[in-house]
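For reference, chains read A, B, C and D in written order, and residue numbers begin at 1 within each chain.
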Amino acid sequence: MTTDTSGDKSIFERRESQVRSYCRSFDAVFDRATGATLFDSEGNSYTDFLSGCSSLNYGHNDPDMKAALIAHITDDGIAHALDMYTSPKAGFLETFERLVLAPRGMNHKVMMTGPTGANAVEAAIKLARKVTGRTNVISFTNGFHGMTLGALSLTGNSGKRGGAGVAMSGVTHLPYEGSLGEDVDTLAMIEAMLDNGSSGIDAPAAFVLELVQGEGGLNAASREWVEGIARLATKHGAKLIVDDIQAGIGRTGSFFSFDDMDIEPDMIPMAKSLSGFGLPFALTLVKPELDVWTPAEHNGTFRGNTHAFVTARVALEKFWSDDAFKDAIAAKATVLTEGLQSIADMIPGARLKGRGMMQGVDVGNGDLAGAICAEAFERGLVIETSGAEDEVVKVLAPLTTPMDQFKDGLNTLADAARSCVATKIAAE
Amino acid sequence: MTTDTSGDKSIFERRESQVRSYCRSFDAVFDRATGATLFDSEGNSYTDFLSGCSSLNYGHNDPDMKAALIAHITDDGIAHALDMYTSPKAGFLETFERLVLAPRGMNHKVMMTGPTGANAVEAAIKLARKVTGRTNVISFTNGFHGMTLGALSLTGNSGKRGGAGVAMSGVTHLPYEGSLGEDVDTLAMIEAMLDNGSSGIDAPAAFVLELVQGEGGLNAASREWVEGIARLATKHGAKLIVDDIQAGIGRTGSFFSFDDMDIEPDMIPMAKSLSGFGLPFALTLVKPELDVWTPAEHNGTFRGNTHAFVTARVALEKFWSDDAFKDAIAAKATVLTEGLQSIADMIPGARLKGRGMMQGVDVGNGDLAGAICAEAFERGLVIETSGAEDEVVKVLAPLTTPMDQFKDGLNTLADAARSCVATKIAAE
Amino acid sequence: MTTDTSGDKSIFERRESQVRSYCRSFDAVFDRATGATLFDSEGNSYTDFLSGCSSLNYGHNDPDMKAALIAHITDDGIAHALDMYTSPKAGFLETFERLVLAPRGMNHKVMMTGPTGANAVEAAIKLARKVTGRTNVISFTNGFHGMTLGALSLTGNSGKRGGAGVAMSGVTHLPYEGSLGEDVDTLAMIEAMLDNGSSGIDAPAAFVLELVQGEGGLNAASREWVEGIARLATKHGAKLIVDDIQAGIGRTGSFFSFDDMDIEPDMIPMAKSLSGFGLPFALTLVKPELDVWTPAEHNGTFRGNTHAFVTARVALEKFWSDDAFKDAIAAKATVLTEGLQSIADMIPGARLKGRGMMQGVDVGNGDLAGAICAEAFERGLVIETSGAEDEVVKVLAPLTTPMDQFKDGLNTLADAARSCVATKIAAE
Amino acid sequence: MTTDTSGDKSIFERRESQVRSYCRSFDAVFDRATGATLFDSEGNSYTDFLSGCSSLNYGHNDPDMKAALIAHITDDGIAHALDMYTSPKAGFLETFERLVLAPRGMNHKVMMTGPTGANAVEAAIKLARKVTGRTNVISFTNGFHGMTLGALSLTGNSGKRGGAGVAMSGVTHLPYEGSLGEDVDTLAMIEAMLDNGSSGIDAPAAFVLELVQGEGGLNAASREWVEGIARLATKHGAKLIVDDIQAGIGRTGSFFSFDDMDIEPDMIPMAKSLSGFGLPFALTLVKPELDVWTPAEHNGTFRGNTHAFVTARVALEKFWSDDAFKDAIAAKATVLTEGLQSIADMIPGARLKGRGMMQGVDVGNGDLAGAICAEAFERGLVIETSGAEDEVVKVLAPLTTPMDQFKDGLNTLADAARSCVATKIAAE
């Protein structure tokens, strides 16, 4: 399907809005992809350590999903049906129930939202406000939840918030674990503020949090802190919303990022790797007692992407029918930690961030992190930064990356880091 | 890809949120579809007069788009690439420039937003606020622009607005043409209010309007009114945003709903039928002088759906390379008007609404309109209501529906209406 | 008590904020005043056609109020007691009940608010929101209700609104009678908008209106329009709040501005001339079924000014024990109408505004109106403009002004107008 | 001026709103007052340890102010003049400049606001937003700044906030010193949050704080903390607004509550004891470079109470011409500390709060504090509680209370406390 314009970027400069961003880091026109490898229109190949920001946890064009999707299209399977009942939706829901919800004893209902994470988050906070009759939602330092107005109001980043151009009310931003320094007990602080009826913080409808902050610098909350927040939510009659859009679907090592914690989130927005194939698809899990929506109270043309139902079902069956995939992630995560540690060792003050296959190294400033990623791209590795100051080199490789390719990628990254450090030392 | 659960709806009742809605009108599990025909899992066929609320203007599984998409997937074409440069994006942009923008002398830039109409609208009002430094956005009675918080704030429907659970500020709702009665000059009224510095209406950043209100009852604004609003926007330093999500892409007879009017919208959110195939895809056209975004100032994981680039390009080439499609729509629209008029003639006070292939008949109340649509579904026609009170029977057939099938569908609708009217008379 | 600085304005220039305003129109340092006459520190006298913007309806230093206040202070009567029970408060309440509420069959409760009109308005909308559980308050074009954030959100003037520096949500501004031109039926328009559930106007907690808009250009709503708004309030479950701060206490001819209309306002904020002596004092009348406040739910240090209780009681007894004062106002209002008509006759297009002793002449633009007021001041008359463009020469003389002085004042105003018109013609 | 209803409270029950509050604590109808003594209509006398919540710092009916005010009224001195220039205003401003501003090297301009503290605060935050072009204002746990919507948005108390019935946006509430426990460094925490661009806290227009929180429980910030906040304000381009409404005018020992600290507040709202006589009067001091208002950009009918100008001038001359008054306050504050300590010693866990003549004792819970105040009133002492849970017995005696009467009052308070503690022990 490629046209004869391969490699010619003038059309983008001529017609695509200045708001485009990732293309500025990766100077290529990508054409094909398979597994953990991208190919550009000039035939160059790249290892993908970005994975569509965790939207391609199973890699590109997984052969089983690909076959199922082609079969579906070939057979004139429904492509779009609003939220009418369809066979692919039934298939997805049954598989999701069987492999995800039932084994965990979760009785959540599945709300098909518009196909973006932002929409899944908007639905969750809207429902929390409806159910509690309260307005205030608590979100956290360095959190990122999307760019539509409701989701943006939850977001910490002042630059992104500033784009709203309108007051964003109804949200209190409180400090995430570690954001005030390692020795500050933010949980105790939050509890003290909520317990004080004169703190100026209105009774919360919900807490919204990521367990590992993907955009915010790969801050991973401890089990104690997360369970503490869950306890506070219960104590104050607020709903617990775990945004598992980036950290979920295996990224941190298990299907949900909280599988190893003793919490029961009231609502769980999911998106990104949910389709398994990179297709737009999102949903919000909702405890049944909260499922008090009237029909269409939150709706959207593209809620429930039918193509995505097909691939998502295959993804669940292929990867989550037993523990093999989870074990493989764990093994790879260990390799990742070692690889990143070797980089951290090159840079005074650098430290590892994140957990599972959602790790990175904080190199202290955005200039160095950016230089390392740019250098890595020169060497054929697609990788990006994260954090308030873009100070973290973030590895989001497909979870299915073959081990050899994964190690090669980490070596490439280490080489890039070494080169940048050498350059930096030379410049000093 | 269908499972053995065909026809079994218990999984939806067990696991899908109560917020589901269209499935409540159409008691079937849909499985396959082609052209204007839907098939359910029990083998029944239906004519589609809903078209995914205008997301399937070219019908289901158009063979050329289908072939192109299968080829793309088979070839391991990129499925997801964030907003990096890709061959399919280049192909789409070049085709869109060549067949849509250039012939109209439009120098707009294309902003790839999240793949929903709501997101395209959110981006537009955000940009209007940034460019003007103003907060207030003017939207209109019966307007519908989406369900995320920013888009919802523009929406007229009080039930939908009420779901927000939080104050939605920064929007002034003014009366759409005809909404205060046919003899009230809403344009003069709006001008008087804006000209009066003590009206309490803050200087507007933008006017956001649909030229035919898809959800609001198929109200079609006159050329004079639309051009008047455009003039007021200029007069008051506001940006003109034409939401062409439902009315665009041929639905009203031309590619844009405003092709026959003398206006130059500053921004145009598009979605629904943009992909051609029913895939989630949206964008906002932005005049170049307004394209002042910084990179990623508005972003989103699924902005620029690559599969949709493939099908959208084929759709543009197949249907918009010459005037044949436009002429065919016009012919079909005449048939539609005649068919609806025959229904209106059965019902005292009924009147036609809309224009082009976006027409319906206001039967005076939601009960009768609902009954007609339910009766039509019994007879194999998928069709829905519209309007503040659901009082409009709305025809949104694929623009590609074969003429015979289209006429048959209209006859079915007329039969359903006749039956309901008879029942109603008998009951009185 | 005057100091030796009489006539020296340097202290104001040196130390008073630039926000000061009336002093810019009247270049004098005022020192003493009695009845309708002001004296400056150089011994010049002026007739007062401004009356503290209707805060001095009984003129300056009324001898009976003065005597009562001096006696109270001399006797060490309480000056400040928060909202504890005091003898002067009892005296005021009993008199207010006997002379104002009981004769009208009004069972309203008296809420002592902070001593400004803005505070009385803030209390009213807060209570309306609490009672109805709704947020939206409807106010009107050209309305003015005060400068604190809640009151300001109701105000029409864009300049004043712009000062807030923060989004003012929860208010819908609709057109006042006549504001869209004389032949536009704003009442029908408002009804149509409220009846349409998709107009985007949220269900209202209250309507807030002035019956004659003091700052907005002396627009006097007709009996039919006001009763229509009252009917709409009932129809839509909203509370009717009549802001009688400037138009009440005899200014329009009767104690309340609505005494001759068939409405029963749910809440009535009062201030300005309430104390009778120009002292800060405000209250809000509240129907007993709405008096659901908890103690101190709305409070304020200076609620219930004790000195004002003393003078207000005397004012009620002196002026409202029988119809004599009302009859005298009526007689004077006739003279006022005649005097203003003679001015209007000088100026093409000029027209009379207002009613009772709250009348003015719209001379078409602010420049001419300002010139006339400035010229009048040169001739010893203190008078100001009103309206969105300051286009109305507004007469707010003390209601007690002796007839001769009143006629002299009107003659002075006519002379000033004649002079300005002559100058204007000469310049053309 | 008392009527024959003395002692009859039926009029209040019949006609005054349920929102009345202080009268519920003090079951008497007050009639006269002088110095620190109140007399009710039945001839009983009370010592006033409430002072109109610090509005009567010089006691009731100070003979010199009284004489000046009677002379002013007798002489037909202006009572109300909007914000025109008057002799009393000149006299006040000159005296305020000479005795307050000049000796401190303060070049602030005086903005005459509406006569309530809430209005002075509204003016300050409005101006801060205008000057900085930012929206967000930072206020603190347990802070209280008034009940109009803008002031209320700054207030910590959830009950009071809840009364608004509308979203209050544009304010971030951060923890006051000590509010998270004695060992938590709130200043470091606030600095960390503001320094982190992804904390979700928008760049602040201003910090608004009380140095001793009058309603919030007499929390007195340390010099280090206050200077730290001032430093943060400068660092982040925010204005420093010290609300000296309750803590100022000698209450903490010096004219301003910050006289002994090394800060230069940008704006200082003042009210309560400013008139000296308990009359409604407020102003906001504004650094000249911030005095960018346009005329009437913030206005109000009662801005600049002329009677209050008269008494305020006398108060300044009498009490602030030399250090005698300040020294007397210091002596009395020592006695107060000793007296309160004796009470604290009776109650396990009790601790002293506040400083200067603004001290109290936190007895651990509101029930006990309320019982002590009620018992004290039975013994002829008017005194109230403070704090989020009303847990602090608060002494706000007139600063001019004769030492003997002051000690007697403290003894009465101690007796009341002793009695309540005994009763409590007996009940256990």
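Following the convention adopted for this analysis, contacts are C-beta pairs under 8 Å (C-beta built on N, C-alpha and C of every residue); 3 or more make two chains touch, one makes a residue touch a chain.
Only a predicted model underlies this, so the values are computations on that prediction, with no experimental measurement involved.
Asker: What's the overlap between the neighbours of chain A and those of chain B?
Answerer: C, D
Asker: If you tally the C-beta contacts for A-C and for A-D, which one comes out higher?
Answerer: Answer by contact count: A-D.
Asker: Tell me which chain's centre, taken as the mean of its C-alpha atoms, is farthest from chain D.
Answerer: B
Asker: On a C-alpha centroid basis, what's the spacing between chain A and chain C, in Å?
Answerer: Chain A and chain C have C-alpha centres separated by 58 Å.
Asker: As a quick test, compute the distance in whole Å between the mean CA positions of chain B and chain C.
Answerer: Centre separation, chain B to chain C: 50 Å.
Asker: Distance from the CA centroid of chain A to that of chain D, rounded to the nearest Å?
Answerer: 50
Asker: Among the residues of chain C, which ones contact at least 2 other chains?
Answerer: Correct list: 135, 159, 166-167, 169-170.
Asker: Given the complex with chain C, which residues does chain B contribute to the contact?
Answerer: It is residues 135, 139-143, 154-159, 161-162, 167-173, 175, 179-181, 184, 188-189, 192-193, 196-203, 216, 388-389 of chain B that touch chain C.
Asker: Can you list the chain D residues touching chain B in their complex?
Answerer: 166-167, 169
Asker: Mind pulling up the chain A residues that touch chain B in the complex?
Answerer: 1-3, 5-6, 8-9, 11-12, 14-24, 26, 28-34, 38, 41, 50, 52-53, 55-56, 60-61, 66, 68-91, 93-94, 96-97, 101, 109-112, 114-119, 122, 125-126, 129-130, 135, 146-151, 153, 159-160, 163-167, 169-170, 205, 271-272, 277-280, 286, 291-302, 305-307, 310
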